[in-house]
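Just below sit the structures, each encoded as structure tokens.
What follows is a pair of complexes built around chain A, which joins chain B in one and chain C in the other.
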Partner chain A sequence: MNPIGNQSQVVGNGITRRDVLKGIGAGAALLAAPGFVRYSQAQTSEPIRIGFQCHRTGIGAPYGRWYDRTTAAAVKLINEAGGINGRPIEIVIEDDGTDAARGSEVVEKFVRQHKVDLVYGTLFSHVVVGSAPTAGELKVPYYVVSEGYHVASGKMNRYCVQPGITDVKAQVRSVAPWIANNLGKKVTLVYPDYAFGHDHRDYFAPAIEAQGGQVVAMVPIPPTETSFTRYLPQIPRDTDVIYHVMVGPAVLTFVKELGEFFGNSGPKLFGFIDSLEAVDLKSPGLEFLEGSHFWEGMPRYAQADMPDYEKFYREAIGLDDNGASVNDARDISTAAHMFGCWETLHIIKRSMEACNYQGPQDRQALIEATEAMTEMEAGQEHPQGKKVFDGRIHQVFGEQNISQVKEGRLEVVHRTSIEDGRYEPEGDYTKMSF
Partner chain B sequence: MISPALLRQIPVLTFATLAVLNGTAAALAHASNRGHVLLLPTQHYLLGGAIAVAASFLALVLLPPEPFARMMERRKLLFKLPFDGRTAVSSLSFLFFAALVYAGFFGSRDPLANPLPLVIWTLLWVGLTLLHGVFGNLWAWLNPWYGPWRLLVRLGVKESGHASLPAVAGYKPALFLFLCFAWFELIFVAPEDPTILAAAVTVYWLFTFLGCIIFGFEAWTERMEFLSVFLRMISQISPFTAKPFANSNVIWLGWPGSKLMRAKPLPLSGVAFLLLALSSVSFDGFMHTFTWLSVIGINPLEFPGRSVVIAPNSLGLIMMFVALAGLFFAAVWLGEKLVGGKDWRKAAGLLVWPIVPIALAYHFAHYLTALMVDGQYAIASFSDPFFLGWDLFGTAIRHVQAGIVLGSDAAWYIWNAQAAAIIGGHVLAVSLSHLVAWRLHRSARKAALSQVPMALLMIGYTVFGLWLLSTPSIG
Partner chain C sequence: MGFGPYFLLATLEGLVTAAVLALTALGLSLVFGVMRVVNVAHGEFYMLGAVLAWWFASLVSGNPALGFLLAVVLSPLVVAAVAFIADRLVLKRLNYEAEGTIVATIGLLYIIQQLALTFYGAEARPVQAPFDWRIQLPWFGYSAYKLFVIFASIAILIGTWFLLRRTNIGLIMRATQIDRDMAQAFAIPVGKVYAGVFALGAGMAALAAVLIVPIKQAHYLMGQDPLLLSFIVVIIGGLGSLRGTVVAALLIGLSDGIISMFFSPTLAKMLATLLVALVLVFRPQGLFSPGGVAAR
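And then the complex of A and B:
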């Protein structure tokens, strides 16, 4: 077992408690006194303070737990390698309660109270959209790991960037060619009838049509619905593929009822793992997914041909072969999203080194350094794969995984190209003033 | 308690919500464990629970109540505690409390690493409440006021206080304070924020301490300090009783709930207090259901956060209390009417005591998973309470086993434990209620008849309780 897998909390100096103890030896904790830890790593400089806007409570908490673990592992790695410009990273966690107003308040606290260099780590769209204006007003870089299209849409501001995770528009577009060529051209969309579902509908329909495919039916389902049998007859008989993006607690019921409706026959299925992130695919009710395909941002299950850097990443965070914690096989990670924390922290490091970041006076230079980034090679810093950053829309583009459920595990069967997901930018942040 | 900064952000939030609705969402509504529960045959449990409570009532109607009442009166002397440790224990508790407040202000900003929110919301509000149901009124010793107050008494402060609390106030002040507490816990945007919580508990500690000085400790904790009132009520279900005797305590063991048989009738404000405690926990479950979110126009798959639902949830909290109190008083009034009872207020004051096992069952069922996971975070936080890199107990880097409540197996076990608690709590309540009614009317026929409306209410609340734990919900 990798000892790193044990760590789940980052202490004041941005390294884990275990490091502190390892560094000062057994029993030396007795010597620890206020102020001791911060300087225990014999760093000559003040740390770089990163405010981690974390979904500790509220509906984002299951994601927050793994964002925290990934952040801890990445910070440990960076600090062990000498930090950024010789300075260690210090993570300051504030809980945003997965609430937009609270998120905005937290950004303000980071700047005014905690004097951080930048704010980082937000996942849920509404918190990002609620916090970004505050980050803009306070002129503090805001590195989000959110997957939404809001950053790329050009509607945020110069300080808000998403360099570590691809956005939903690119994800949806990138899977269309493979679906058309491998599963079939007549697609029925089954989606929850609100913004998230509408995004998939609006991005996917043109993308599949561009591949010579056709959306033969759309089946919007009210968000509060918990039984789906009355909607399933709306799926036309000549459908080749059902593209499903149901989310929420009724997902398992949806899959079960889909299985009961179609039995051993029926169209092929293609889904987004967002529906079942952190849910065991061997759970009762999900049997019908066997053989079906999913988009995955990063593979949850260890793959046979996994490159070494991906193994290193999984080991550093403490993931077992099923994508669960090495300490707790039932605690399944949010694998398709949390890699974004790791990659974002490495991009922050690279950007700070590029602009020789010294302190808050260099915040604009930091954003410009990130905007200037283009290609990012796959490797230890980018374990999810190769990426291209578009500085104009502050958004990164990358390869996506298409995985098939085989014996209750997801096996990657195809990796899309970066070009599959790219689209014309709708804005240009670099033309905005600071 | 909302900071000006937060208030300023409300318009930002509106923008945020609108923007999300305009199609930039990455919805990550988690399938959560409720998804596994939705696949369980929970409707059978709802039916079974209703039948179990109804059958218990019918059995009591058919059986003579005297043997049960006699059985409930039996108790056994366990041992004598040859000292009164209240001052010492409470003083230690005060020091612990002071350290927690320090941690709240100066420790980690992470509510899952700072011991203050973990102790207040998980160990005290959940854990200690459950312990009171089992072991009795531990708060009489553990409260952080008695020790410091004793010190002041030794220095000359009058033990009986300098003024008297007006009798007419009854439990109304505690009722109001509990409502504030429930609002802070359930509705306020950031009750787990260490700084905000440290400020809140400090203000409350000072307020209570001042009250103890002015009106005397006994008077203040009898009817004003809401935790003392609540935990004393909950401890009535415990099989253990501690009787102070000179400078010692005699510990008795009886049947669970037997103390309720001897309890004095509560005034209406006391009845309302207990019903508020139950309704607030019920609302904690209810406000997360798809049903409630639909009513207030919130899409449960993109819950925007607490700040957006402050007004409707505040109203909902009050409405849940009004609904429960209305049904309870109606059931008592109707029951008394059926048997020609003269004093329905006194009947309500006695018949509210059997609600205690239901309140305890709700507490257990609703906070079980929080206790199992956040309890681990609490243990970890004790090793490094001030966030200085300490590892006092070797638990600082403990990997919190969140998986203990995750997955279909855990969902099955937890659901069954919750259902057992809810059904068991109501069966006990209906039984105790019957015995209370018999004590009130001294007639088996009258007791049975007067309890028909109450039994119907309890059957309804059993089904409601099980529904709350099995219906689609967020989080």
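And then the complex of A and C:
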């Protein structure tokens, strides 16, 4: 005997057509009744859900921790001031393991399971490249805080935007004139051999050549490498400047081995702080960095002439004067990047208010509202400084800092202008369909 | 830089890799040789050694040599204790059955790794080297500590050889390795030998990690590479053979150093993998495996 078939027969016998009709009628009446509208407040106070694709684990974990803290501080601030269109923000966090394949799954999970309004917060470029097609397919806005050139290249899709942090191409163009004029013209590039490093490789050489300089050698290093001395002989002896940008847990080894190899007699150093984000500059072995220069998106150490809005920002996140957590002086922040989370969230708020965002049906309007942005003034919403947004390539441009290590602290010695970094757009997202 | 100094640097780098690899792989080889257990969690014992080294070193302020000394003594002991407990709680209950222990040690791998992530965090943290000398050669500078690692590893390997070949403990271990049942018949407490060997193997991985941690930082994912390389070394050298492990570690370490400096690191890894394949096809017992064990 088939118990399931048996059961359905019982149901079939027990419920008549009339009963069903009655039931439907009663249900409809109940729904139409004035007191029973389940989402009566849907338009006003249902939270806006933002899926935060976070590098909780994997090589991006220190960044993930600070992106998380910055996000929490910004959301608290926005919610205390009344949220977006009167609705609070709710952050839904998923760990992508700093892994491209997992990143794409996470985007899908956000849309299908968590029903978020948009996805936000990715840093590592390979995760962005891995996740962007999924965001495009699912037609969900994808606000990255990555600094990679992928979004600005015009090769992603219309749903990907990077409105909170300047991309690598603009960064290297900003710093190249300063390097050529102050450190030297013959430059050797040391960079990680994947997307993020390739941005540096591809855009620094033309930028330094435009200044009369020259890249004398390129030293790509596999991203999984943990030992670096073996690569250092590839640096030619007549190099004036070593331009280094490394990421991942082995960065400290890299900088230490550079010091052991060259001692005090080596070429000058210009690094991207990515090499030492979340790493204490007073760590043993880093003494030889004294006097060398770094790019910083935003200063890690409190500067003497810091404006009030920057103080406010640092206080909201809980940064001490050394750029570490106020709760643990050894917990060093990723200050040069994480401001992008703060600024991106404020841009999401402004865009949603501009298009009167109600729900997922307004996702296209949201992207269009962001595309329509142009100038952003420095202030509490943009503590890193003023910015210009180019809606055609979905990319923002800002001022960059060049800092020197003095007594184990980074001191800003030069601030580039927005124009230093601007370049001709290679694509136009606004002409793409949704 | 001319060919000579370039080659010297490549050799030095290769020797450091080989020194640490020999210790790590020897631990893995001992565990497999005596217990017939493929310890997939071996790399995590290595990682645990490094993480504990950071912790012990950070307890002591003042001269960095004191912190390092404390780490060198205590970190392998603690890791050995963890391995001992793991053997009693898990492996013993599986009767050291081949498939079961592989799955169990995979579980152990994740447990240790995630505990390290939870309690230690995701950062790479440095341990200060006991001394900070830099040897300036005419062509390049080199860390004196790296040379120390090479010599320390040689000393430890000689010590292990002495333990295995010249002491009663070694005799008992070898007896258990060659024939477990016969050893038991001669009143050797095989269970205790197993637990001891598992602890010793983990302790050696931890010791290797303490040596390397002033060069590379402690990080919760650092156990993956040494595990893979140790397997390569153990397969090439022959399971359970001390001499084979050392020779294979030298081979892999030096070729990694030299090939990756003159050509590319990827090529070095490819050649190592190819070597493993060739050994498995033409000499599956490994280059130096003692015949008696391989025949079984």
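By definition in this document, the second predicted complex is superposed on the first by the 333 of 434 C-alpha atoms of A that agree within 3 Å, B and C clash if a C-alpha of one lies under 4 Å from a C-alpha of the other, contacts with A are read in each partner's own complex, and residues count from 1 in each chain.
The definition used in the following text is that a residue touches a chain if its C-beta (ideal position, glycine included) is under 8 Å from a C-beta of that chain, and two chains touch if they have at least 3 such contacts.
What you see is a predicted model; the values in this text were computed from it and never measured.
Asker: Please work out whether A:Arg350 is in contact with chain B alone, chain C alone, both, or neither, and reply first, second, both or neither.
Answerer: Once the two structures are laid over each other on A, A:Arg350 reaches no partner at all.
Asker: For A:Gly263, is the partner it touches chain B (first), chain C (second), both, or none of the two (neither)?
Answerer: After superposing on A, A:Gly263 lies in contact with chain C but is clear of chain B.
Asker: Have a look at where A:Glu147 lands relative to chain B and chain C in the superposition and call it first, second, both or neither.
Answerer: After superposition on chain A, A:Glu147 lies in contact with chain B alone.
Asker: When the two structures are overlaid on chain A, which partner does A:Pro233 contact: first (chain B), second (chain C), both, or neither?
Answerer: In the superposition, A:Pro233 touches chain C alone.
Asker: Give one of first, second, both or neither to describe whether A:Cys54 is in contact with chain B, with chain C, with both, or with none.
Answerer: first
Asker: Looking at A:Lys139, would you say it contacts chain B, chain C, both, or neither? Reply first, second, both or neither.
Answerer: In the superposition, A:Lys139 touches no partner, neither chain B nor chain C.
Asker: So in the superposed three-chain picture, is A:Gly285 touching just chain B, just chain C, both, or none of them (first/second/both/neither)?
Answerer: both
Asker: State whether A:Pro62 touches chain B only (first), chain C only (second), both chains, or neither.
Answerer: In the superposition, A:Pro62 contacts both chain B and chain C.
Asker: Do chain B and chain C land on any of the same chain A residues, and which?
Answerer: Shared contact residues on chain A: 57-59, 61-62, 65, 224, 226, 249-253, 256, 278-279, 283-285.
Asker: Mind pulling up the chain A residues that touch chain C in the complex?
Answerer: The contact residues of chain A facing chain C are 57-59, 61-62, 64-65, 222, 224-227, 229-233, 237, 249-253, 256-257, 260-263, 278-279, 283-285.
Asker: Taking the touch rule as given, give the residues of chain A at its contact with chain B in the complex, in rising order.
Answerer: The contact residues of chain A facing chain B are 5-9, 11-13, 16-18, 20-21, 29, 32-34, 36-37, 40, 54, 56-63, 65, 92-95, 97-105, 108, 114, 123-127, 129-130, 133-134, 146-150, 153, 155, 167-168, 192, 194-199, 202, 223-224, 226, 247-253, 256, 274-280, 283-285, 324-325, 327-332, 337.
Asker: Spell out the residues on chain C that touch chain A in their complex, using ranges where they run on.
Answerer: Within the complex, chain C touches chain A at residues 1, 6, 9-10, 13, 17, 64, 117, 121-124, 126, 128-129, 132, 134, 136, 140-143, 215-217, 219, 221-222, 225, 257, 260-261, 265-266.
Asker: Please name which positions on chain B make contact with chain A in the complex.
Answerer: Of all residues in chain B, those touching chain A are 3, 5-6, 9-10, 12-13, 15-17, 19-32, 34-36, 38-39, 108-113, 189-190, 192-193, 290, 293-294, 299-308, 380, 384, 386-392, 396-397, 399-404, 406-408, 410, 472-475.
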